[in-house]
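We call the chains A, B and C, going by the order they appear; numbering starts again at 1 in every chain.
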Amino acid sequence: MTATLTRQAPQHAPDAAATLAASTPSWSRRAKNRAASAAVVAAVALTAVPLALVIWAAVERGSARLDLTLFTHSMRGVVGQGGGLLHALTGTLIITGATAIISIPLGLAAAIYLTEYAGGNKLAAITRRAVDIMVSIPSIVAGLAAYALFSLILGPGTRSGLAGAVALAMIMIPVVVRSSEEVLRLVPADLREAGLALGSPRWRVIRKIVLPTALPGLTAGAVLGVARVIGETAPLLLVAGFTDAMNYNLADGRMATLPVFIYTQWSSKGLDTAAYDQRAWAGALVLMAVVVVLQLAARALPPQIAKLRRNR
Amino acid sequence: MMAAASAVALVLVGVLVFLAVNGGPAVTAGEGELPAHAKNFLALAGPLAFGSLWVAVIALALASLPAVGVALAATIYAPSPRFGRFLGAVLDLLAAVPSVVFGLWGLMVLAPAVVPGYEWAHAHLGWLPFFSGEPSVTGRTVLTAGMVVAVMILPIMAAICRESFALTPPALIEAAYALGATRWEMVRAAVLPVARSGIVAGGMLGLGRALGETMAVAMVLSATPSLISFNVISAENPSTIAAFIASTFPESTGAEVSALIGLGLVLFAISLVVSLVGRRIAKQGGLR
Amino acid sequence: MTATVPNPTAAGQPPAPTAPTEAASLAPLASLAPRAAERLNPAAPAPGLPKAPGSMSIRDVSCYYGSHLAVADVSLEIPGRAVTAFIGPSGCGKSTLLRAINRMHEVIPGARAEGTIALDGADLYSKGVDPVAVRSKVGMVFQKPNPFPAMSIKDNVLAGLIIRGAKPRAAAADELVERCLVRAHLWEEVKDRLKKSGDSLSGGQQQRLCIARAIAVQPDVVLMDEPCSALDPISTLAIEELMRDLARDYTVVVVTHNMAQANRISDITAFFSLARAGEPGRLVEAGLTADIFSAPKVTATRDYIDGRFG
């Protein structure tokens, strides 16, 4: 170190290799650095391993029942082996479809209002705050609210697919509003101005310019919203209930869904427990496949929506 | 358009009104009208609120460091942008796994697998209140539930941490490196101070999510709803508000249903406070 | 740690002027120029004359971003305790080469450098040399001032030591902070507000704070990547004076777009250029600044200096 201490007397070239070696970080600094890197790798493992284990468990335990019967039969009259989830899959499609029909137009319209019309007015501020709060509603509370609503109208104890759809819509609407608002904000302002400068009325500019430009992003947001609610279990357990048989009528009676099917196969087993467990895992495998397909679809759409995925 | 925006706000008002109308009477309900043989609403809600917070805090404690770590891996430590995107996809997928699937996995795969660990913890760390008492033979304990919930909230927390790490000014990263910092020293000097509010916000949102988590806890936990206990490996476990509602609701009628809706209001209030605080911190940190 | 935090201006040397007057700041220039002329002539190094410490030798260095070759085959001697300026048109690789000198280049994923860069004869790129060690011997100041926003002015000076967990005790820290700020010609302006955030300073002050921060870790060499390009003329003048002054104790290498600046402050000038966009940058000519600006040997250098391109 002396060489670096006496700077103004360069009688000889300092032993540079030695000073370089002396400034090599100390053992403890290097150890800390390595420990941090190892911790980061461990964190990646802690993220990836559970995911791999869950997927593996579903494949390993669910593939035993991944047969044709699973997709062509309901659970009507089944007490042991056999049976399928056709009724649950149908119910999930119907309820999720109804949810989308309620949520997407409402959510999109609210987002258009917020970005294109409202500016900073009071209603916009209230709506944004409402969306913030709705995002934090626990899903089971949405189920309770839907139950309470339908009890007020139809009397206590009613269960229906429609009530399930309403519950899921409470979860999906804020997701759609947020993602749509974000996508609409990405549409460059000069596109709007160009349209307005041509003398088109505002709604025309929105319909002919803004919405087509934003369409891929809006679609992706909607798909992610569907992916968010399609795996919801708790609210459907409360308000759509469960049944072993097919039910195509949203408004009348209990309707099975895939997540609730998985839950009830486990929670109310018959004597042949292995058959129930296998069906539960087969249901889990199908449900995960559906979710993965939806995720991939949303991901394949536009490149600029990376941030939207956080709105879950 | 305006009607739609008003409708969204009205939906929220509706939720609150329906819950209040139906759940309100439960507050004054007496013995015999409430589920789980509770004497009054407070005796019912108290232990369950404790259980909700306890499970959520355990999940948060377990998930925090991995969430920060994986967010660092996806940003600062990523060997290439492609790796960062790949890790993002893994996190998205993890976030997309339905909770009922996690519940199934937690109780049938994870719980039996952790029993030996609990026995070891009881034998060697039994002097800690968390590990005293006979460990559960099924593994369906508060700690197992906490682990499952931790896996579920990890991607949410990691996503926010990732976003705030990505906002680190490159100039500060360079400044730290140019002063002879190792990578970890650079992270401590340049990345973490700027991202602190993002990390806290992520934690709050994760906590809010953990409080509302229902199915995974309902399935994994073998619960005694009136219990308050800090033991995390025992066969006797407190329940959570959400799990209690889910497992009790299908067989409930009349006053019991009203009590469960009242519990839902309590849960809503708790998780609302947590996530509004989280959102405020996130906004202060320059995140959306 | 205090023992290994030496005082560059102590030990028999007159203390650095706290507020440099015109004469004081010009003095080193005058005294250095002739010395530099005899010592630094790259064509004919005077035999027997000792090399000043902190001299660097760049041999056959090429820099890559992934598979893209950004700088090709540069060989250059950088004299110790002098100011060397890198000039050239945008994209000529002068900044890339500068960042390769303290191995900051490789911080970017996929970026790497080939060849050897030696500090006082020790190859910074040889196996077993930790880039972290290189960067604590070869400091860097950037285009935009980048003080740590969460740190006070004082802590910013100490940042290099805080970062490596070697913050000195109170008295030694105060002494080091004062010495470095004096050296960076900033002490008088900030001595009453050391606890304030570095963000509260003007751009030029922030840049001098960054210089104080860089010299607080005792480097041999200070690299500066267009340190004045974000500053107003007054602040630029202050930094230029400081660069001259620093060259008494440190080897200074500065990348600049401003040829007048290179002419004013540097002893050696290296001119880089590229054949056309997308081609790698190359060293065209290097020599004593006076020679490069008065009698360049290569036409491209003259064209650039005359302002015909770049």
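Observations
One rule holds for everything that comes next: contacts are C-beta pairs under 8 Å (C-beta built on N, C-alpha and C of every residue); 3 or more make two chains touch, one makes a residue touch a chain.
All values derive from a computational prediction rather than experimental measurement.
The interface holding more C-beta pairs in contact, when B-C is weighed against A-B, is A-B. Taking the CA centroid of subunit A as reference, the farthest chain centroid is that of C. Taking each chain's centre as the average of its CA atoms, subunit B and subunit C sit 51 Å apart.
In this assembly, the C-alpha centroid of subunit A lies 16 Å from the C-alpha centroid of subunit B.
Counting partners per residue, subunit B has 180, 182, 185 as the residues that reach two or more other chains.
The set of subunit C residues touching two or more other chains comprises 132-133, 136, 164-165. Residue positions 23, 25, 29-30 of subunit A are each in touch with at least two other chains. The part of subunit B that touches subunit C in the complex is made up of residues 78-81, 169, 171-182, 185-186, 188-190, 193-194.
Residues of subunit A that touch subunit B in their complex: 23, 25, 29-30, 32-33, 35-37, 39-44, 46-48, 50-51, 53-54, 57-58, 61, 105-107, 109-110, 112-114, 116-118, 123-124, 126-127, 130-142, 144-145, 147-149, 151-152, 156-157, 170, 173-174, 177, 227, 230-234, 237-238, 241, 259-260, 262-263, 266-267, 277, 280-281, 284, 287-288, 291-292, 294-295, 299, 306-307, 309-310, 312. The residues of subunit A lying in touch with subunit C in their complex are 1, 3-8, 10-14, 16-17, 19-21, 23-25, 28-30.
Here subunit C touches subunit A in the complex through residues 4, 6, 8, 11-13, 50-53, 55, 80-81, 118-122, 124, 129-130, 132-134, 136-137, 164-165, 218, 220, 248-249, going by the rule given at the top. Residues of subunit B that touch subunit A in their complex: 1-9, 11-12, 14-15, 18-19, 21-23, 65-70, 72-73, 77, 87-105, 107-109, 151, 154-156, 158-160, 163, 180, 182-185, 187, 208, 211-215, 218-219, 242, 245-246, 249-250, 253-254, 257, 260-261, 264-265, 267-268, 271-272, 274-276, 279, 288.
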